[in-house]
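The following pair of complexes shares a single chain, chain A, combined with chain B in the former and chain C in the latter.
Coming up: the complex of A and B.
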């Protein structure tokens, strides 16, 4: 029994990592540009398909597909931002609908190109198998890789936001858009680049999730739901909310699923989220900010 | 214009009268279709939406069968079968609308269609109210039989009755049951547990995952700590792919604990990559690797028509041979009259299908099929490790769970009830 609990704890970490990887892109876009990107799940899906092309067409493994997916889906995000989102920044409801439309279009396009059947993406040779871990199951190398990657992505994003000039501009725009504009920051460019960066992160999520899950045109939706849940739990506007929200949901779900079963585990986590929204509507790390000139 | 109560009633009455007369006009217009040299057959499978993945292959198999039948001279002395294709978009409500359209507007002689139980149950009332014929190719949980439906896929007794003792005998009695959280897996597990009881097995745990749930680390951990002899899986769709992948990634192989299932086909294995399914077992009537001249031809023609990469599976094989059942029934009765086809044409119809000779049961509208157990190999195909000695009688009310129920359309009580125009058109009786 003790062994099983240990294993459970470790596999919970890998779920937390999966949630972080999936939600980070959404958090960046929502937190800075204030756009709720309903197509986030489909961006992940496109990333997974790009990964399958990289594998079957170019013979590259996941290490290759991570940068390629980042660039490809980042560019896709750039195009979507320029053509669809740009004109809608002051109208949140319309961006919701527009990005949802984008998600439907992406599903149909992918179906036209790749058909509806499931696609196969393998994990890299060197990450197959597992290493002996405390507990009763070997821990898969690939899941350890996911955990490390999620930490790396978080650190990179923190560095980008807090240690670069671009990050300074991003934070300024977040706090006070018109003042930033007055100071000479090109806010439109910041929005565009942040949208592309967030989309690129979704692409990376698709690339690394494909080997453990399914690749199909409709795979994105559950990830979008999970990502939104993480944001609601952790709170938007603070990057720390992502790992904390993911940790609560991920570990909570695995532990509850172990104690009861997956159905009840999911149910209890949903209940917990409802409770959190009821008590702290802005999420654990959300805060009331001065929103002078912030686009709403 | 002010709408008062009287005007509203008048308009409403007029509108409903027009609507009521509408089918009549159609009947007039299309009544002569019977005398032409074409016979319309409805094809009702989703070509878009979430279940299009599998339903498109059924659609393809049926169109291919129709083409073959027409090329061989058609039916009823030279008449051609003309497919009328509708796309219900994976939406249950649309299934019903399209079924109604096929029956009333196109006046098709029969519809080949549906995949999920939900879609079948939504269209059945249309077939019963309009006395149409539905041929349904999917394996399903059974426990129903409608006068207006013929079921050509497997029912649980045909996939499980021989599978359970074989598995217990070969791997051991302790089974861990995992399934998707809806009716088919739950009913299948009920039957499996009853079989385990009968053959000295035991259920160490029974767990369900919500549809769309693809994270199985917790379940795999439980499996590792419970150490069952066998994992019996009724997961569906993309869950299958995720579960097999994660099972192997956590270091459990088919030699340690085999996954046994009545669901995973060549299609899912193609989606996960053969190395993940390697060594695990599936019970089905048909595999692409079945060694028969009919199957060699079926697979070759399917690949030639729809692409070399395509794989065939059990449900599309049923979709294929049920089209032949219909053609033979039309030939034999020489009429497109629904009652004649339902009572004389289709029951007892035999066909040399890719899986072997199959037959529609004379009494219960289900189909005699063969049972096979396949072990997945490196190329994504199955090695057939066991095959039934004879075809297996379909039993929609499994004796093990429902000893006092049966389905019999030749029973006088059922015949009388259906002749009397009763709304209940099922063939279920108490015995």
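Coming up: the complex of A and C.
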């Protein structure tokens, strides 16, 4: 029993890595721009379709599709930000509804282009197979690749936020928007670029998800909800919130799904999330702004 | 701006609780809907009853979102709970009287899933009275627990929306997973439905009652506090109101309302499935309320009939086009019409009235005996114009 749980623990790593990759883009957008991007799941879906085009049309594998998806979905995000979200920054709840509309439109467009049938995307040859790990099941190379990629993306985002001049502007905007405007930071530009960056990360998530999941127009929504749960759990005040939230939710869901079933697992994790925010309302690493204005 | 204070006093004139035009309008609409079965087709009657149920559901969303500022993306949880209670009850009593193909007296889906008798916990639901009590009690209880956990800790806005969304998703998966008890993916169907003119009257009666109750609530003291909580909760707290309690109250009220709508829907439609509890219906309800006017009582009704009617009209022509229209509708309403149809109309009427009152007061205070006092007062208070300009009522300089 303990051995089997240990196996589940290791296989849970892949879900954790997926959650980190999927939630990172959302955390960046929500944390900095304050926009609730309900279309995040559909951005992931578009990324997966771009990956399938890269494979079938250009003959490239996942390593090729990661940068291509980043750029393609990042550009998509840029367009969405310029057309839909601009002008809604002071109404976060309404960005939620508007981006939900974007997600419906994206699903229709993808259905019109690719049809409703499932698409298959293979994983790169050098990542097929696995190596023995504690427990009984082999540990697939692709899972290790996911874990390394999630760490790489976290480090890249950290460097972008804390070691560049742009990151300094981003953090200033996140802390105090009007003051950073007074200091000469172009906050509209920061919002736009951050939205594009977060969308690009969603594209990367789609690219690496495509080989292990079925690619369909409606695949995105569950990931968006799971990513939101990661943010609620971990908080958006700190980059650490994403890996910690993803670890608790991913491992919790995998192990509890093994012990009971997947629905009970999800329910228990959800109750845990509710319990956590009951104690720390802004998530484990979140912070509550000291404000006399309207709380959001 | 000599008479801002005076014009403000005219604005305080309260609207009557039920203005004459609204009573007349509601009476006309109810008369049309109630007599429709006499001359209309059954198909359209079916749709009308469904729309009325959905409009009660949209009203519950409008109450918590438009009047209290809580955006719940899981309001369909309560709608679905109500629907499942009633559907289960009707199904159990139907099965007891009509044996299935294999001779059992339990619902067919339970038989398919290997149950031999109705689980004891569900058995009392066979009596419709028990189901109605459950419908009124359990959704409200769940809403209360949820409200105590979140609102007492000042969790609302975005966080609340996301958590309720996840809640709806989990309930939906729960229903699909435990199909022996809930009918699973196919839902509960094939029971005695109440799909006739008399039940349409019942639905209409309940709807009118609930709309009137909502009007009473939102135009009472509680409603005023709720609106101030929506606009700035911190200030409302500073004024001594326990903000969370007001939110919990309205959330429970709206959830009970959604459950009632669900119960009527189940009895009317004769089919309840996991789709009636999920996030999709919740968000659709939000858009119905938003289109009609989320901070109005009658808006959800109009929004539901417009959007849902357009859906049935359009999806007959082009199924995929509807989703595109829906997506564009979301963006359009949020960006260009955040007050919805009724909200926009209401605002323009209020603005017109304000202008009229202002003009009226301007006249009164320009010539009457009050004019001297007003001018004297504004001479000291209106900094935008010179002292003498104010005193003489000249337009003076403006910044």
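Side notes on the structure shown:
Note that in this section the second predicted complex is superposed on the first by the 286 of 296 C-alpha atoms of A that agree within 3 Å, B and C clash if a C-alpha of one lies under 4 Å from a C-alpha of the other, contacts with A are read in each partner's own complex, and residues count from 1 in each chain.
The criterion applied here is as follows: a contact is a pair of C-beta atoms (placed from the backbone, for glycine too) under 8 Å apart; a residue touches a chain by one contact, two chains touch by 3 or more.
These numbers come from a predicted model, not from an experiment.
Within the superposed three-chain model, A:213 lies in touch with chain B and out of touch with chain C [touch as defined at top].
Contacts of A:104 after superposition on the shared chain: chain C is touched, whereas chain B is not.
In the superposition on chain A, contact of A:143 is made with chain B only, not with chain C. Using the contact criterion defined above for the overlaid structures, shared-chain residue A:266 touches chain B and also reaches chain C. By the touch criterion defined above, A:58 lies against neither chain B nor chain C after alignment on the C-alpha atoms of chain A. After overlaying the two complexes on the shared chain, residue contacts for A:179 are found with neither chain B nor chain C. Within chain A, the residues touched by chain B in the first complex and by chain C in the second are 111, 222, 261-263, 266. Within the complex, the chain A residues that touch chain B are 1, 3-4, 7-8, 11-12, 14-15, 18, 111, 116-123, 128-130, 135-140, 142-143, 211-216, 218-219, 221-222, 253-254, 257-258, 261-263, 265-266.
Chain contact summary for the complex, chain A toward chain C: residues 30, 36, 84, 87-88, 91-98, 100-105, 107-108, 111-112, 222, 225, 228-229, 231-232, 261-263, 266-267, 270, 273-274, 277-278, 281, 291-296. Chain contact summary for the complex, chain B toward chain A: residues 48, 50, 52-53, 56, 181, 207-210, 212-215, 217-222, 224-225, 238, 241-242, 245-246, 249-252, 267-268, 270-273, 275. Within the complex formed with chain A, the chain C residues making contact are 71, 149-150, 153-159, 161-163, 165-167, 169-170, 173-174, 177-178, 231-234, 279, 283, 286-287, 290, 320, 323-324, 326-331, 333-335, 338.
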